[in-house]
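Common to both upcoming complexes is chain A, partnered first by chain B, then by chain C.
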Partner chain A sequence: MKGDKKYIVAFLAPALLLISTFVYYPFLKSLYLSFYRTSGFFDKKFVGLDNYKRMFTDDLLGAATLHTLEIMLYTIVFQVGIALVLAVMVDNISKGKQFFRTVFFFPIVISGAAISLLFVLIYNYQFGMLNNAIAGLGLEKVLWLSETGSLKAVAVPTVWHYVGFYFILFLTAMSKIPADFYEAAKLEGISGIKKTTMLTIPLILSDIKVVLILAITGTLKVFDFVWILSRGQNGTEVLGTYMYKKALVDQNFGYGSTIAIYIVVFGLILSIITNRLLKREEITY
Partner chain B sequence: MQQVNGVNTVPVERHRSGKRIPLGTLFMYVCLTLWALTTIYPMFWIINNSFKLSTDVMNDSFSIALSPVLTNYETAFDRINIGKAYANSLIMSGATVLLVLVCGGLAAYVLSRFKFRGRNALSSLLVATLLIPAFATVVPVYELLIEWGLVNKYWGLILPHTAGNLTFAILVMTAYMATIPKELEEAAFIDGCNRFNMFTRIFMPIARPVFASASIFVFLWSYNDLFSALIFVNKENVRPIVALLNEISSQYGTDFGLMASAVSLTVVPVLIVYLFIQKYIEKGMTEGAVKG
Partner chain C sequence: MLKKKSTTALAALSMAAVLALTACGSNGNNGNSGASNGGASASPAPTTSTAPTEAPAKDVSLRVFSTFGGTDAAREAFQKLLDDFSAKYPNVKIDNDVMSANDDGFRTKVNSDMNSGNEPDLLFYFVGADAKGFVDAGKVVPLNSLLDEDAEWKNGFIPSALESVKQPDGNIYAAPLTGFYEGLFVNKAIFEKYNLELPTDWDKLTKAVKTLSENKIIPLAAPFDQSHYVIEHSVLAASGSEGQKAGLLNGISPEWELGIGKLKELGDLGAFPKDAATIDLTMAANYYSQGLAAMVLEGSWAIGGMADAVKSTSTVLPFPAIPGGKGTGKDVVGGFGSGFYLSKATYDNADKKDAAVQLLKFLTSKDAIKAVATANGGTPAADVQIDGLPQVALDGFKMVADSTSVNSPIDSYLSPETFTTIRQNIQGVVKGEKTAKQALEAAEKIEKANKQ
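Let's turn to the complex of A and B:
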């Protein structure tokens, strides 16, 4: 159409301007800063790869990486696992489907901060919900946010929060499987667990892959739960909280940026690996 | 809670066999109900405790608040000014949604309808943008905001949040608008409609569903994002509710009643909205999965 060029520019401009200013430029600037030693905002000195060298010898970063990987393991096994089991079950029942959908999904809409605060009250040593219950049973109270158990304690709300999300993704995928697949299976006498493992799961494999990648990259962004429940102490430091502490609490922008770049690269590598491991033919109905 | 019991008492019968409830089905209902309890009971517990005095919460957090007190809510509004935090959250997340819809809608319209050089490159660039997490942009954004004097101002959170959500919104909206039949525009064009009117009169009304699900996703994401809020807007007069919750956990960590009421105040309104528009929220959130 005539005069379209004017509209193309005018319509794209606001969005591109915002994204460039607050995403592309800062991202490149982070990359740039990762080669500098900084103190405060204005004083910076080019140090080449020093920050990256420091990164490889930084034990705290190593620990944060391991903690993140541990949470990732729980996420893959429990979050995705529970979501899949629940979805299979809801797919197989006839009454109350909608009720379970509603109830399982609702933690998603609640902020991580509010859930963290809830778990502060649940885990509290003296008066928390868990120790209240334990004391009621006449057992000894447990220090939930201890030096050894904190990471697991933080992983629980992290896992719990998003189970419903993957549950819905799985359930949606299952509802797309044509009914005649199941009818054929029924004629063959396949039912129950066999039907699930031989028919349902293979058919939604591509969705399982998507969910796994989401779960893995999502774990790299864990921040709220760790920050509010333990401030990263007692062996719960994860990549997000460590980056926050270095860059914004210590105001070490150079090294903080290096960690941020590390998180991006780490996430890319993990998604590529997952993609490779789960490479399979796509199924179309 | 009643609903859970309701599910248990529903007579579950298999139509095809007409037999009693198979053991497998019963087992599934037990498992599902148990998981449902893990989501319902903590909410009930915290709302219940928010109506008790802190000392009562500490002594027995399981008892039902038969004579509810509003002390905690009074403290929440008077001492920590949770009302102000609420207003801040609504203003900032609301403005973010509006900006994303306007800027994103226009861009999506162009990407779905116009042919121009560099369009495919632009689309690929947008997809790649989804891989950049907030961690990788936060420091330079903070510098920019300081330079412009926007730290601890509403715009200090609105602008980064808008930019952070635009990419995802543009991609979702473009996909949807690409399915709108071209004949509509041609007819409008013959009637003398210009491009802008075409967008406001034809595209906006037809694309309402995708605007709705994008709004929901963007709103919830922005409303719940603690990381940016802690850095960009953590002063008392601009602080959104998530940052206030963080503050409560460090400053009032021993006031159980207050904490319970703060959590309830954050959660209950969202839950009520959720119950009404659950379908849209489910849709909006799962479409937003790519962004995460």
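Let's turn to the complex of A and C:
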């Protein structure tokens, strides 16, 4: 045991160093800055709790929170839902598993910014792909990024981009289910939908829980799609873009850091709630 | 033994992770669906007549940060200048670090570089309020004595250009290259098609907007979020040269309110694109440059990106004076708003100093200024004749020459957050959800909190 100690330290040190540099230090620095009024990079003044007072009366932050929650809903229902359906289907086919796995996983490889630019060209009102097709059919052009529909339009690529990631997680989880479970089910005459709902899904519940927490906390980080597609206009401002605007566009790092703290606390609360709601005994095979 | 090996491997892996993370930090946004780049290739080689002085023997590597990248019209001309310098002084290795100026990202990059001890050796950036932070912090050196020591270099500049890059403390920190102007770019062909007069006064502008919008042409390509130019010009056209400097610390001037309020009138007539809320400046400029929009508020740098057909039928006018305001109708936004800074750290580094000063002088020599001005259509900071410019660029120079005042944009009198607050409210004002007064009051509150 004693001899292991230095190896434990050696193995943990790099990770600790990295996580301290890139997670804990910025977090503490944000906490520190949230008590200051900053203007630019060179001036700052201690203002106590002013930024927090402002936070609680900030309508835009409230709106950004609601928009984030709306995207979260789409993510949970569609991103996780579609991923689960796809995983069940691919798990049940005998040929071409590898092919579909690659195809569905592929969007993850493309950067969010590239996908966003792609969707800029798809949604554009003047010469976007969708409106060109509609105009070709002789119909009136549609304003896709309208005041009411922008958030849904932005949610589409957001959902699509990460479906493949959860799909792979589900598929891996399913492949871990021992084959004799299915054999037993076959002998009992259970197949099709019943097999999925009664057997597969209950057996991967702990993975579903992980995926849900990943999806929920991941939504708090949505930035590129909103920033590039709609610049946070027309009711699409989310927490990530609002923080960026305050901290980096407005160069008000103090208030930007306060929002960052808010996001962290909000994310923690959400994951605790999710954990509570999905509390169930772990299944071991 | 095996264990030791894996520790090394792990260390290597973590190093790789650090590198990957660092790489993430410096991604430019060159991927914008930008306008095609027409006029950049026609830059003549700057003929360097001065005999090369004794080159510093040591190998030096210099990082030059500028916005001559992405879709910038002067990108190739600038690269060529650097290549010429490298050819002349093979011992100097130049890292041409560029970021597109299409977004505010480069400001963030410059500010964080300057603040974190990662200053580029030469920096091309704005003067005035934007530079106040790093100038006051002593990150760059005043060029006054360098200019005085080298008469040939100093006399290459137009005196007024050097005057306008002075910081409030009276020192020159940035050597100017080209100036800019902003104005209302008008596609004359579209105006002729619908028998419209050019928008030289407010009535003609509103009449044109009405007719064009009825005919499904975008009258004025302008985004709401990046409404920098719209705000600058409407406030200038309403409050005149002196009034626009008022800022928001001493109450809201009625002319500012008038100017912002007039945007609702334009919006009601259908002046803005249907998707104005979500497009960015690049897309707005794109609508104009593709002939989908009849007018756009832009800067002189936009000329290089216009499609040839549109460029040849374009002209540029001052934004018309708003009735009831104090503008003359000939007030123009423009000046020499940027230049090359020399970092203090480089200047104090004996190995780099001479090469950096030499490069600075080379990049702001008469020939270099000519090459860049030819490419981007900006006003040269040196007394040089630019040939082969399109008519619209000549119209622009004439507009500036005939103007009653040349003004810095109003955001140089406001803190960034204040200006963003106005921008954020433009959509509400145009849609009638907010009055101009409410928008300006929101901005005033931020401005006062910032100046406490």
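In this text, the second predicted complex is superposed on the first by the 258 of 285 C-alpha atoms of A that agree within 3 Å, B and C clash if a C-alpha of one lies under 4 Å from a C-alpha of the other, contacts with A are read in each partner's own complex, and residues count from 1 in each chain.
Operating definition for what follows: a contact is a pair of C-beta atoms (placed from the backbone, for glycine too) under 8 Å apart; a residue touches a chain by one contact, two chains touch by 3 or more.
Note that the structure is a prediction, hence the values are computed from the model and not measured.
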Between chain B (first) and chain C (second), which, if any, makes contact with A:Val249: first, second, both or neither? second
One more residue to check, A:Phe266. First (chain B), second (chain C), both or neither? neither
Given the touch rule stated above, what does A:Asn92 touch, chain B (first), chain C (second), both, or neither? first
What is the contact status of A:Asn234 with respect to chain B (first) and chain C (second): first, second, both, or neither? second
Using the superposition on chain A described above, determine whether A:Leu145 touches chain B (first), chain C (second), both, or neither. second
Output check: A:Tyr182 vs chain B and chain C. Expected answer is one of first, second, both, neither. What do you get? neither
Touched chain A residues, chain B compared with chain C: B
With the two complexes superposed on chain A, say which partner A:Phe35 touches: chain B (first), chain C (second), both, or neither. neither
Partner chain in contact with A:Trp160 - chain B first, chain C second, else both or neither: first
So in the superposed three-chain picture, is A:Leu12 touching just chain B, just chain C, both, or none of them (first/second/both/neither)? first
Intersection of the chain A residues that touch chain B with those that touch chain C: 7, 11, 14-15, 18, 22, 41, 113-114, 117, 120-121, 124, 126-127, 248
Chain C contact footprint on chain A (complex, rising order): 7, 10-11, 14-15, 17-18, 22, 37, 39-43, 45, 60, 113-114, 117, 120-121, 124-127, 143, 145, 147, 150, 229-234, 245-246, 248-252
Chain A contacts chain B in the complex at 1, 3-5, 7-8, 11-12, 14-16, 18-19, 21-27, 29-30, 33, 41, 82, 85-86, 89-90, 92-96, 99-114, 116-118, 120-122, 124, 126-129, 132-133, 136, 160, 163-165, 168-169, 172, 192, 210, 214, 217-218, 220-221, 223-224, 227-228, 239-240, 243-244, 247-248, 253, 256-257, 259-261, 263-264, 267-268
Complex interface listing, chain B residues touching chain A: 3, 7, 10, 12, 24-25, 28-29, 31-32, 35-36, 38-40, 42, 45-46, 49, 57-62, 99, 102-104, 106-107, 109-110, 114, 116, 129, 131-144, 146, 159-160, 162-164, 166-167, 170, 189, 195-196, 199, 220, 223-224, 226-227, 230-231, 241-243, 245-246, 248-249, 253, 256, 259-260, 262-263, 266-267, 270-271, 274-275, 278, 281-282, 285-286, 289, 292
Can you tell me which positions in chain C touch chain A when the two form their complex? 3, 7, 10-11, 13-14, 17-18, 21, 29, 31-33, 104, 108, 111-112, 114-115, 132-134, 136-137, 218, 223-226, 273-275, 277-278, 280, 283, 287, 290, 292, 415-417, 420, 424, 427, 449-450, 452
